[in-house]
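Labels for the chains are A, B and C, by order of writing; each one numbers its residues from 1.
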Amino acid sequence: MMIDIPALVVGLDLVGVFVFGLSGGALAVRHRLDVFGVLVLALAASLAGGMIRDVLLGATPPAALRDGRYLLAALAAGGVVFVGHRLLDRLGKPVMVLDALGLGLFAVTGCEKALAFGLEPVAAILLGVLTAIGGGALRDLLVAEIPRVLREEIYAVAALLGAVIVVVGERLGFPDGAVAIVGVAAAFVLRVLSVACGWSAPRAPWS
Amino acid sequence: MMIDIPALVVGLDLVGVFVFGLSGGALAVRHRLDVFGVLVLALAASLAGGMIRDVLLGATPPAALRDGRYLLAALAAGGVVFVGHRLLDRLGKPVMVLDALGLGLFAVTGCEKALAFGLEPVAAILLGVLTAIGGGALRDLLVAEIPRVLREEIYAVAALLGAVIVVVGERLGFPDGAVAIVGVAAAFVLRVLSVACGWSAPRAPWS
Amino acid sequence: MMIDIPALVVGLDLVGVFVFGLSGGALAVRHRLDVFGVLVLALAASLAGGMIRDVLLGATPPAALRDGRYLLAALAAGGVVFVGHRLLDRLGKPVMVLDALGLGLFAVTGCEKALAFGLEPVAAILLGVLTAIGGGALRDLLVAEIPRVLREEIYAVAALLGAVIVVVGERLGFPDGAVAIVGVAAAFVLRVLSVACGWSAPRAPWS
């Protein structure tokens, strides 16, 4: 069975937009922002990573401006958070878990799209990581928090893992759909496990 | 009488550059920055929104780099603030009022240019809002303030109103010049009134 | 002897990437970030300025994604800092000195590349300054510091000097290699001297 790669990228991308939108909205609620602040932060968290990806690839206007479903997914996420954030809270650490899922999804779609545009594997991996961390970094900067990618131990590494799996899987000729799912899952699991288990990475010795 | 749309966009754009430049310079003075800090913040506030717009449209190099009047307007605004900021202060809340005018101008020009590049109405509105809030957000981030778009109640909504008026006016076949003026005025008035009257938007209930 | 301008830009660019990468890594160590934080900040400081330059010129994908040596230089800088930061510390104010060198290198390469893409002299100077201050600004924002370009007296001006020397030198027909070296040196020396001597620029009078 053939899998339509562009459709696969768009599908996973839209899920990434939705969950990153939830993470942005949840952060806005935690900062006691009003309904418009929730929507702005949902939009920033969910669309910035893909816009950076598309601008760097020269794929302008970016997908978020060409395909109305992106905006719809982002706004829907903001609305869901505004209405249902108490339910989200009960699920545990919602920003972290949603952010981890968005991280994996965007790492994979960013890397897949970069390969489709003819970038070399290493550059495609870098672009995947950038797609994955861009929206969350902007989200955190906008509320004056140091971005998660710098505060947390295993973050960029989780995105890196997802992107590397895409490149290696493609090289080995595995089916794109399976590779994408494995990549997303690996990045997500590594990120969530690292938080749950308190894994830490080495620091430079400080005399 | 025919109105030259590109010329209209450039004209309003340059006014937007100048007033956002004033807002950036005024914020720099309030933070006690030196003359170069005033110029850098004037440039960031006034040129970043349009640069983001042009990069997302694929209209590179952006107008601010192709047309010397943009840089001139931004630097003139910085110079005016440096020399005359005490006069500006006496006009009340200068950063807020100038920012509101820039917000309306950039929402309209961003949306008009996006329509001229063939974007769909909803995407054109999103790009108008992004053009309008981009420069101010960078300006505030650079001095470590949470951007106005998140702190203030009615901000992105005012830009949204200006952009929606452009799209609706174009659909209804009204003359471009009139639509642009109404859009700028509506965004400006809504923003200033919301500050003057202390309007607030609903927050998510917090248990 | 003919000098290959693109090769000259790439060569100086790679040196700029490396020294800005060192500055980003050193800042990360000072903020006690782990090894991945050191690498992320090295990448941000070293690649963002050139990416902004290439995106604004429409030269996508940017050099940092097309040429693997950029990523290699940035990661090498991060690795060097992580292993040898105590040695770097002993050299004095490492972030400041490396940042000053990167500032001069990127101002010159940004301006040269802009001229090669046909931009007018003033726009090329602006793009040179933007290339020079972009990476450092992102680096500082990511760790919640107000960017050096706003805190420090002579910073954007040093980049401006380097870019102006490139434009004037090209106009006068001087050899590109010599012009580039003089531009880098002038920006670097002005910046370091201004810090060493505590030069300050005028502030707007505050009643």
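We take it that a residue touches a chain if its C-beta (ideal position, glycine included) is under 8 Å from a C-beta of that chain, and two chains touch if they have at least 3 such contacts.
Note that the structure is a prediction, hence the values are computed from the model and not measured.
In the contact between chain B and chain C, the residue numbers used by both copies make up under half of all numbers at that interface. For the pair chain A and chain C, the CA-based superposition corresponds to a rotation of 120 degrees in steps of 5. Chain B and chain C have centres, each the mean of its CA atoms, that are 29 Å apart. Within chain B, the positions touching two or more other chains are listed as 55, 58, 141, 144. Partner chain A is touched in their complex by these residues of chain B: 55-58, 114, 117, 119-120, 122-123, 126-127, 133, 137, 141, 144-147, 149-150, 153-157, 200-207.
Looking at the complex, you find that chain C touches chain A at residues 28-29, 31-41, 51, 55, 58, 60-62, 64-66, 68, 71, 81-82, 85-86, 141-144.
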